[in-house]
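Shared chain: chain A. Partners: chain B in the first complex, chain C in the second.
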Partner chain A sequence: MISYDFDYHKPTAIQEALELFQALKKQGKKPVYFSGGTEIITLGRVNELVTDAVIDIKAIPECNTYKQDNRLILGAALTLTNVLDLQSFPFLEKAVAEIADNTARNKITLGGNICANIIYREAVLPLLLTDSRILLASLDGLTEKPISELFHQELQLKDGELLVQVMTDLEAIQLPFYIVKKRRQWGVGYPLITVAALRKQNKVHVAISGLCSFPFRNKQMEDSLNNEQLSIDERIEAALKHIPATVLDDVHGSDAYRIFVLKNTLRDILRVLGGAENDG
Partner chain B sequence: MNWSIGKSPTRKDSLEKVTGAAKYTADFIGAQMLHVKLAVSSHAHAKLKKIDTAKAKQVPGVHAIILGPASPLTGDEVKDRPIMASDTVRYYGEPIAAVVADHPFQAKKAAELIEVTYEPLPVINSPKEALQPGATLLHKDLATYEKIPHVYPEANTNIANRTKIRKGNISQGWDESDITIEENFSFSPSDHTAMETRCTIVEIKPDGVVHITSSTQAPYKIKKQFAEIFGLEEGKVVVHAPFVGGGYGGKVATQLEFIAYLASVAVGGKPVKLLYTREEDMVSAPVRIGLDASIKLGATKEGKLTAAEITYLIDSGAYSDKGSMLTKAAAATCTGPYNIENVSCDALCVYTNHPYVTAYRGFSHSEILFVFERAMDILAKKLKMDPLVLREKNVFLPGMTTPTQTVLNHSTVGNLPNCIDKLKDLMNWDEGMVVRVADNKLRVKGISCSWKTSTISGASSGVVLLFNPDGSVNVLSGIVEIGMGTKTILAQLLAERLKMDINKIHVQMEVDTKVIPEHYKTAASRGTLLAGRALLKAADDAVSQLKHIASHVLTCSPDDLEVGYEKVYVRDEPETFVQVKDICYGYEFPNGNSIGGQVIGRGNYTLRHLTNLDYETGAGKSGPEWTVGAQGVEIEFDTTDYTYKLLNAYSVIDIGKVLHYKAAMGQVMGAMSMGLNHASAETFQFTQDAIISSPRLRTYGTFRYGDHPQYHVHFFETPHLDGPYGARGVGENGLIGMPAALANSLSIAAGVELTKLPLTPESIWRAKEGDEEK
Partner chain C sequence: MDENAITLSINGRDTTCFVRNAATLLYILREKLGLTGAKPGCLNGDCGACTIDVDGEPMKSCLMLAVEGEGKKITTIEGMKQTTIQSQFIEKFAFQCGYCTPGFIMNCHALIQKHPDATDDMIKNWMESNICRCTGYKEIEDAVKTALRQANQNTDG
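On to the complex of A and B.
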């Protein structure tokens, strides 16, 4: 149960949503875009997310797009279950299949996960690694940008800006990938860490969630992992030096244990996706 | 002919449940009903300096705000707990204030606006800390608290009860031993996590009668406690217990009912509903014990146990509730199902600043078995002996004496050697305990034996049977249907005894303490024994009344008659009979004369010959029969990262008699899953200040679909002569050996003695190489 009151709007066009956002702001409200609503319900009931107006984007056609020509376009309001059912992006599917549980995935949306308050945002990992692009809407119009340009810890949206779509080149979708989600225990729930990797032009690229308080892809880390002068273990040790922030230490596991798991996982990635040549 | 026993008739509650029609407490809605929400403590130990309700009162729809009164104090054995905290909070999540409002969201909003000023006090975060010299006393008035006899709080300490076991001569035991082992074990409190969170509705009618509807396992206890604590007449307290969505012992405690009563009083007796959120249900409501234990075992080199010296420190949390009885049960069962001539055990109920505890499925047995059965494996390793062989050499057999010096017989103990033999078979034990299946993968087996009794004296049950004019029968029993199916089993027992179709037996599901005869509590695996025996007695009573009337109709002695097939018939001339439906409301002769009257079967049963335990030695008869079993777990273990899969779990249990086959299977498998879940994932995580980190299901670690192993269950039937058709309690045994069996398998797999729960990959890593890493 949510003890605060909030307005609920369900626009049917992008422009309408953007204007509503500004209008609500002018009324002194703090509107938020609303998609699956799972965070508003679960964080709202414990007052970890408080809002006085929500703008539901699920009735906006562009946010429900699914198109595939030379690239795949997925609307931000597609649910994770939709993404799984489409069977067009195996890497992304593998990532979202492990988020929450089936009932929740019927509600959680792709855009909602990318812009989530909950820190894991695992849908971002394949998108970062495949150099996907995102379509944003603001009152200035639509803009398309690489997600890597805007995703720093979280998606850097301007006030009122709306994530509409995600686009990925089919070529990138075909690349060999590896993703593993390690939990404190058993098969459902938040990650201890989730590590995703992609092999492109003989190099391994890595993005990680659950290690720090935000998901990230780090170039220096990737360079270390691809440093053929070093043994596998040396590469991993070198990569660990580039973890961009404090390692989490929480109910899912200690920081030291996360590092232990990360090392094992990176070893598996280098074994599966290549790069093990110099490991004597 | 076997009418129903051993079969699996459709449960009497199944259609209501599968269609969603079944009503649980929270489903009852009334136009006049007001709603209660709590403000709870954000500190684990603090003085309440100020509680400011000014802003909360301004919220529209708020009728009243109640703060905790300093008295009366409540508690089952030791009265140590205020209804809500009055001047001191002793655990994180302890109720401080209750808001009554028109709508739940208004009550919630107001509760959020109550401003509490705390003065933090030193926090006790484990039983060991609580026993340190100079430790903060959580209950300065412990010595003056009202209590029942045979509970022994120790003044000016944090010890709410101590039970001692002194059997044989411990120093002689050490003299006779060739080998000894010593180890310490511990785990934190955890939760019941029943699907239905606790809920109650309280209303005081104009005639002063207090009606309580509650998700409770103990409606008759609520009635007695309300009378006692609030000075009410027992006849003016009526408790209704509809379906309960799982209890596991957690709904034996009375807590929110007291708060809701104060709330109803504050609004002139109007009905008020208090429904706990999941967080409140996990933390504010009573939880499962934690434990610190140390154990020393001695044995001859042939593997004969000679001595056991054990200390069990039960983490009872802020109040004792059932903690003192859990302590007694821990002591009484302290050695597991093994015969040891020399035993010294101290079980202590220790106050800490954790949520307070109540019963949990297994009532100390699984906790104690984790310690003892781990110790047995450590001993077996030191003896270089197969762990099952070590157990076989020491198991309790008829003629041996328990730690409380009760002599066992075939009826009271069943046949554990049979269970062990069968377990070896099922687990393919001869294959060996460890099989390498890949470079870094091992398939590993672990085992545990188990035994369980119920340390409940004075428990009784009554049953009334009413006949309908068509000859069908209504069963009235005070058992609460908490999901275990006992009410269907009562129908089966009656079908068997009256030799009639179970479909013509109707069971009253909802309990109403005003009109349904009392049943002790729906707990401790005692439903079938207590209510079953009461029912059989009621059936005999009805049979004798039916025979009496029929004897006049058939003009013969009642002794020549039998009841069955909905008839009363002459034993050796069954074609001479009268239909039950024609006599169950008396019989009318063709000339218009009537004889007899409505047949009402009455029966009761009380556990016999149980005694209190002697304070110095623990001698006494602690419980009726023991249910014994042998259990195992097979895992696949990754030697690189210490993750593991649960492949198979086994339970071989001597349950006396299988009454409802599928229900028994369901009870055992469900219990096994709880045991494995507790052992592998479930726990409260406390900060240094005893704040519980994230008391939410999303992080707590309950099993989800797909996490389960394959369950294998086998039953033996050594009758318990006192039990209905020989049945033993079976609600808990599936659980109690599982933590030890899992820990034993993982200790073998990881090559390190694991002594803490839960057994997550991280905890194994810590045990294995954590120290190196640091």
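On to the complex of A and C.
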């Protein structure tokens, strides 16, 4: 049971949500957007997230959009099950199919996973690699930006800013990809590490969750993996030098084990997605 | 603690009750409405003991606020009468202590309704949402597969 009380609002328009957020703040409240709400409820129960007002975004039409022309547009409030059922973005679907379990995916949303406090945010990996763009709403208006520009460890949202949609070029959706989630055990649960890769213009691009306390894509790491002057093992060793933060050492696995698994996974990626021409 | 009146459609009946906005649907079902079939387990979305049906989809009622249930068609284990999956759980001895059983049955029932042609992979994918501490899962698998076969025979005429 959540021990504290909060107001519950369910606006039906973006502007209404944004204005509500500011009005609640003016009343001295600490509002949060509530999408699937699963994180707010579970962290709220153990007082790791405390709020006195939630703004449910599920009735905002733009947050439930699904559109496809020269690019795919997915609303932030679509559930992970919705994303899977649409069958429009195989790379994202492969990532999403491994998040939580079938029933929980009926409630967890795409936007909720991207904006999560929980460190894995696995749906972000394909979005970073396909250079997807995001639509944000604030009282200044709507802004569309590449996700790579705004996702540094977590999505950098200004106070009261709402993630509305995610957009991906159809061309990027067609590119060859690879994604693997390694768990300590069982077929469901948080990852030891999840590594995603995409091949674009003869180069392999990589994004990782579960290695550090945030998901990331790192340019130097990718340059090392694509350095054809080096053997595969040398490329991997060079790439590991660019891990951007301390490697996690927790109940899912030690730091050394994570590195061991990462090396093997990167070897598989280079084999499957090419870039292995220089192995010798 | 402030409570507001909401109306929920549960097992085919509209029920008005007073709830805190922060109350989960699981809590309201059990503590306010006396529908104790949905079980509290982990309260964290992991075990599936609290699974109910919301608009034809299995839902973990510990991951849902009661206020989110307004306007939705909610079915709990109490609303399930003589379904094939219930009979099959008995036939196949698919439970021991029974604590996980309502959650499993609600999930299996939604699967059968939504995907009467479910493949083995799909069955496994859906069943991974629930945990049983007693059975070896084999009996549960047998119950679902038999219920699916029966559902197909019925639709085949």
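Here, the second predicted complex is superposed on the first by the 280 of 280 C-alpha atoms of A that agree within 3 Å, B and C clash if a C-alpha of one lies under 4 Å from a C-alpha of the other, contacts with A are read in each partner's own complex, and residues count from 1 in each chain.
FYI, contacts are C-beta pairs under 8 Å (C-beta built on N, C-alpha and C of every residue); 3 or more make two chains touch, one makes a residue touch a chain.
No experiment lies behind these values; they were computed from the predicted model shown.
Contact with both chain B and chain C is seen for A:4 once the two complexes are overlaid on the shared chain.
Of the two partner chains placed by superposition, only chain C is touched by A:37; chain B is not.
In the overlay built on the shared chain, the residue A:187 is in contact with chain B and with chain C.
Legend: residue contacts after superposition of the two complexes on their common chain; A:56 is shown touching chain C, with no touch to chain B. Legend: residue contacts after superposition of the two complexes on their common chain; A:81 is shown touching chain C, with no touch to chain B. In the overlay built on the shared chain, the residue A:174 is in contact with neither chain B nor chain C. By the document's definition of touching, of the two partners only chain C reaches A:107; chain B does not. Residues 1-2, 4, 42, 45, 101, 187-188 of chain A touch chain B in one complex and chain C in the other. Only residues 1-2, 20-24, 27, 43-45, 48, 51, 54, 57-60, 62-65, 67-68, 107, 125-126, 128-130 of chain C touch chain A when the two sit together in their complex. The residues of chain A lying in touch with chain C in their complex are 1-2, 4-8, 36-38, 41-42, 44-45, 54, 56, 58, 81, 100-104, 106-107, 187-188. Within the complex, the chain B residues that touch chain A are 104-105, 108-109, 112, 277, 279, 640-641, 643, 680-681, 685, 693-694, 698-699, 701, 703-704, 706-707, 758, 760-762, 765-766, 770, 773-774.
Of all residues in chain A, only 1-4, 42, 45-47, 101, 182, 184-190, 250-254, 256-257, 260-261, 264 touch chain B in the complex they form.
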